[in-house]
């Protein structure tokens, strides 16, 4: 059977070419590992204590992305530590995004 | 060979009938002999009376990954018997042969007893007994040194499926290494990937309530999974139909309603043909599929060429039979399923193969329904996260990152990590901490694993026995077996049977100088200024785990198991799927961005290289209910039942090669070879050979399996699933010749 | 009906995991090389594609027969059928390890314990039953293929299972060695042709067939002789008898 | 009247010790034969096993008694090898013509009387006998052979319980058969022996000698003419008994 190359695969190949063969294209571009550290350091002091108990799996990637884009309007924005840079915020949201509930690697629970 | 029961019997039987030997023929002193006492007591009471009072301790089995709840019977400070905990519904209140043989693991003369420091060359087997103080000091110093020299990611941590493995991963995290591998990338991650990328989570199969089950690439009546194995029998008793596709006539095949000796590597063709029939004949619930799934039109088009007749040529299963099975399967839907399977470390496209399994299930509309695929239930055990420090000098990510598109971050890929360690790219990894896992035996291509070990500056193995991996290590530390340990809680789901929590209490104190890995890591953490991350006892850790489950601790103490009566079916009634489209993704959108086929594209399995085509066979590996890879084959009780592994070969193939049943054969692949006994049987296809895992050990510390049988790792090539990096263990062709020398 | 502990086995549920074998081995300290129970496998030389239920696994152990040949073969009575529960028991203290019972079992259920030097076999775990536990093999069976109980007690699970399957019960017997086993298989089971012919060892056969009557006859003859002598001496010769010297006394010194 | 020593004190002790252990071994041994094969029926083994707290206790008792018995005989052999040798020589020295004729005639005379002998033209005279008459010899032969056989087969059965491997059980199986046969044969002989020695008034002096050690001269002369001929010239000791001098009896 030779005619097995599906349309999907063709599309994939084309898209991969466009994406410059970057396989891990589905990210926000920050350092998710650093983000995990920052999230625990900066966010867990409230979230899970007196603010909503958040974890990456609490939201979908789309939802996290939206929050990131509207980051400055977040109610807790004022409580963020002064030293938190834009880079830090990106890292933090990268972490939340990468392990979102609909991500390829949802954070484990239970 | 020594009496297999020898070790297990020590202390069992203080020579109950040997009085005459001592007392002589004349009965001098016989008045006080056990025989006299025995003669005077009623037969039934005898055995009990000589052993004293019995106590019972709840634990969970560790002879495989299933964690069956058990009750250890203890007399006179010794575990005499392990009984299943009848309240433990996940295992349907059973212990299998391995579970029963746990006593022989506890009292195995082959157990590691003291810390050992390597003296000669790696694998030479020269060891020096050292104190725990020295061992801890050395381990701490090496961790410090490697961290300084190569960054913290210069240490690799590999922990097996153990209830204390979480502490190893915790240690890796706070120590600062991203490089963690587990047994999973030699086992199940391809299947997990496939179902996760279809349904948004990894499901459980509700075998018990299913009316029709297709089992391919799984051998549930031998490789036991609780409760699936037992539930399948029960379901069949109630009239459910089981169709098994397997190149081998397994026990599962023997008991099935239908067995098809499918050509290895063609499962996807079969599944795509099922899709073809189900879609073309509109055998699916159109409303449900339209509402819940994404990509039906694409799938429809995709499978249009994958007709049963086409699949027949690939699989060797007649087209009309495939069509009939598709119709029967769909007729039983939604209480029907294609069994997802567990070990999926078989082919380079295993993820896509299992995607085809997942897609058939999606068409059956069986998600979240009785007899179908079930979502994870709420158990309620809380993770205990560590606030790991940040190490600025660390590299960006794992050493095996980006080599495959959809690796699981927390599991990694052992095969790819191994290559990275050997090449030193992208950065050097020079230290390895191994806890109760044995890649030397379980990872394909042992030669490469040896090279990996050679590339390491320091290897520390914590285990209960001198595994092949420990045999190659620099520092070997003795761990207590599960029957000597207090462990953290473990959340388990048993399909539709239960969502539960188990834990372990020590039945007897830790033997010899063995120490739990938790104690070891806690002490090392203290020396590395990481004490704050291990500032708890197992009890305190458990309390944190159970914080959300009121009274669970008491129930655990009373019953040995705690059940969360959470919802079983209909979890998704008011919920979107955890996928990009929020639907079941027949067509995976994310795969396109990852450069993967969004629908599984069939590629025929490779043929053997031409030069050896006449004598080459595809090698498949597996196990029986008596074997959990190399951790069980050296067990005295199990060894008696499975003394070695043999090479299964079809009589026609054996005749062609002039090989006879029972003779020793040389099994050779491009990466290695070994010898074992030939088992000529029509229970396997002519183009395939099979052998069992867990034999042919290099370690002389495993007295029963050292040099006994063939080690699969010695001959299997180190191929891997191109999506996840999972090992691909059925991609090797071997040639088989007479070994010379009788069996 | 007398109590009869028995096993009712749904062998179609057995997947040959051998949990029962290892459980028994540990519970009863069965030494290496020996087992008190087993799972027989139906031989399938050439499995056929597309066919179903081709294999079959059949758990077994001592069948605690109604006509146990092993009991017949035992010279001392160390092996006996206990009327209290219908089990065939071994009194280890009375067993001299002669091995006569071993070939007498058509099921090969017995072996000679290499350490204790006595016959050994399944006893349905009396120590466990005393503590309210099921026999080890029954307790651990993943699919609960082995069902144990007193089949004379209609409330037992075993009796209920038997009753519910009347007419479909199979026993694995050989026509010339039908020991009336108390192990019942639901519906079809396989293999059905494995019990070997029960045999009594030649010495044991000689003992029962001719030594027993022969020696009895001899003793009888001796007793008859004594009786004749006594009768002659005390009845017939009482009147004419000498004073303490019997007949022939006078003639002896002439010799 | 002159008295002749027939048995030393050791002889007497060993005889009665042997007899007592024989009796006990027989009683316990009979109890070890299970009901189905027991000549006495089921009540006997049931009773004995109950008395000994079960068959195991009975078996153990039997084994201890058997061990004691063997020990006694071995001790006797060690203490008095010459006496034992004498005994064995006497017992197994059979003059075929004389002794067989004696045996046949004696059996006929004791049971049927002199008539049958006369009818076939034989005299009722008995050939003279030595230290033991042929009847005694026959029983002694049976007792020695049977005793040896019982001891050997008994030891095999004990050995079975402490050392024999499964591959040697055929030996035990045969031992059981032979133990049974030996026991039966010796028991049959014992019946006659007990009657002849203890019940038959004719042998009263011989019976008494098993307590006193000596027989009167007329008894010796009448019953053991050949022996009497050998020893009649010897002088009695201070008790008036002609002592045994084994060396003289060759």
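Note that the chains are named A, B, C and D in the order they appear, and that numbering of residues resets to 1 at the start of each chain.
By definition in this document, a residue touches a chain if its C-beta (ideal position, glycine included) is under 8 Å from a C-beta of that chain, and two chains touch if they have at least 3 such contacts.
These figures come from a predicted structure and were not determined experimentally.
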Q) Using C-alpha centroids, which chain lies at the maximum separation from subunit C? A) A
Q: Report which of C-D and A-B is connected by more C-beta pairs in contact.
A: C-D
Q.
So the centre of each chain is just the mean of its C-alpha atoms; given that, what is the distance between subunit C and subunit D in Å?
A. 39
Q: Please work out the Cα centroid separation of subunit A and subunit B, and write it as a whole number of Å.
A: 31
Q.
Just the number, please: Cα centre separation of subunit B and subunit D in whole Å.
A. 75
Q: Using mean C-alpha positions as chain centres, tell me how far subunit A is from subunit C in Å, no decimals.
A: 73
Q: For subunit C, jot down the residues that touch at least 2 other chains.
A: 91-93, 117-118
Q. Multi-chain contacts in subunit B: which residues touch at least two other chains?
A. 17, 35, 38-39
Q. Which residues does subunit A have that touch at least 2 chains other than itself?
A. none
Q | In the complex, subunit B residues that touch subunit A | A | 178, 196-197, 200-201, 298, 301-302, 305, 310, 313-314, 376, 378-381, 383, 385, 387-390, 396-397, 402, 404-406, 408-410, 491, 577-580, 582, 587, 590-599, 601-604
(Q) Can you tell me which positions in subunit D touch subunit C when the two form their complex? (A) 32-37, 39, 45, 54-60, 105-107, 109-114, 123-128, 157, 160-166, 169-170, 172-177, 180-181, 184-185, 187-189, 191-192, 195-196, 199-202, 204, 221-223, 225
Q. How about subunit B: which of its residues touch subunit C in the complex?
A. 3-6, 8-9, 12-13, 15-17, 35, 38-39, 43-45, 47-48, 54, 80-84, 91-92, 94-101, 103-104, 221-222, 224, 229-230, 233-234, 237, 249, 251-261, 317-318, 321, 625-626, 636-638, 640-641, 682-683
Q) What residues on subunit A touch subunit B, complex-wise? A) 1, 3-9, 11-13, 15-16, 19, 21, 23-26, 31, 33-34, 37-38, 40-41, 44, 60-61, 98, 101-102, 104-106, 108-110
Q: Spell out the part of subunit C that touches subunit D in their complex, as residue ranges.
A: 72, 74-78, 91-94, 96-100, 102, 111-112, 114, 117-118, 201-204, 206-208, 211-212, 214-216, 218-219, 221-223, 225-226, 228-230, 232-233, 236-237, 244-249, 251-255
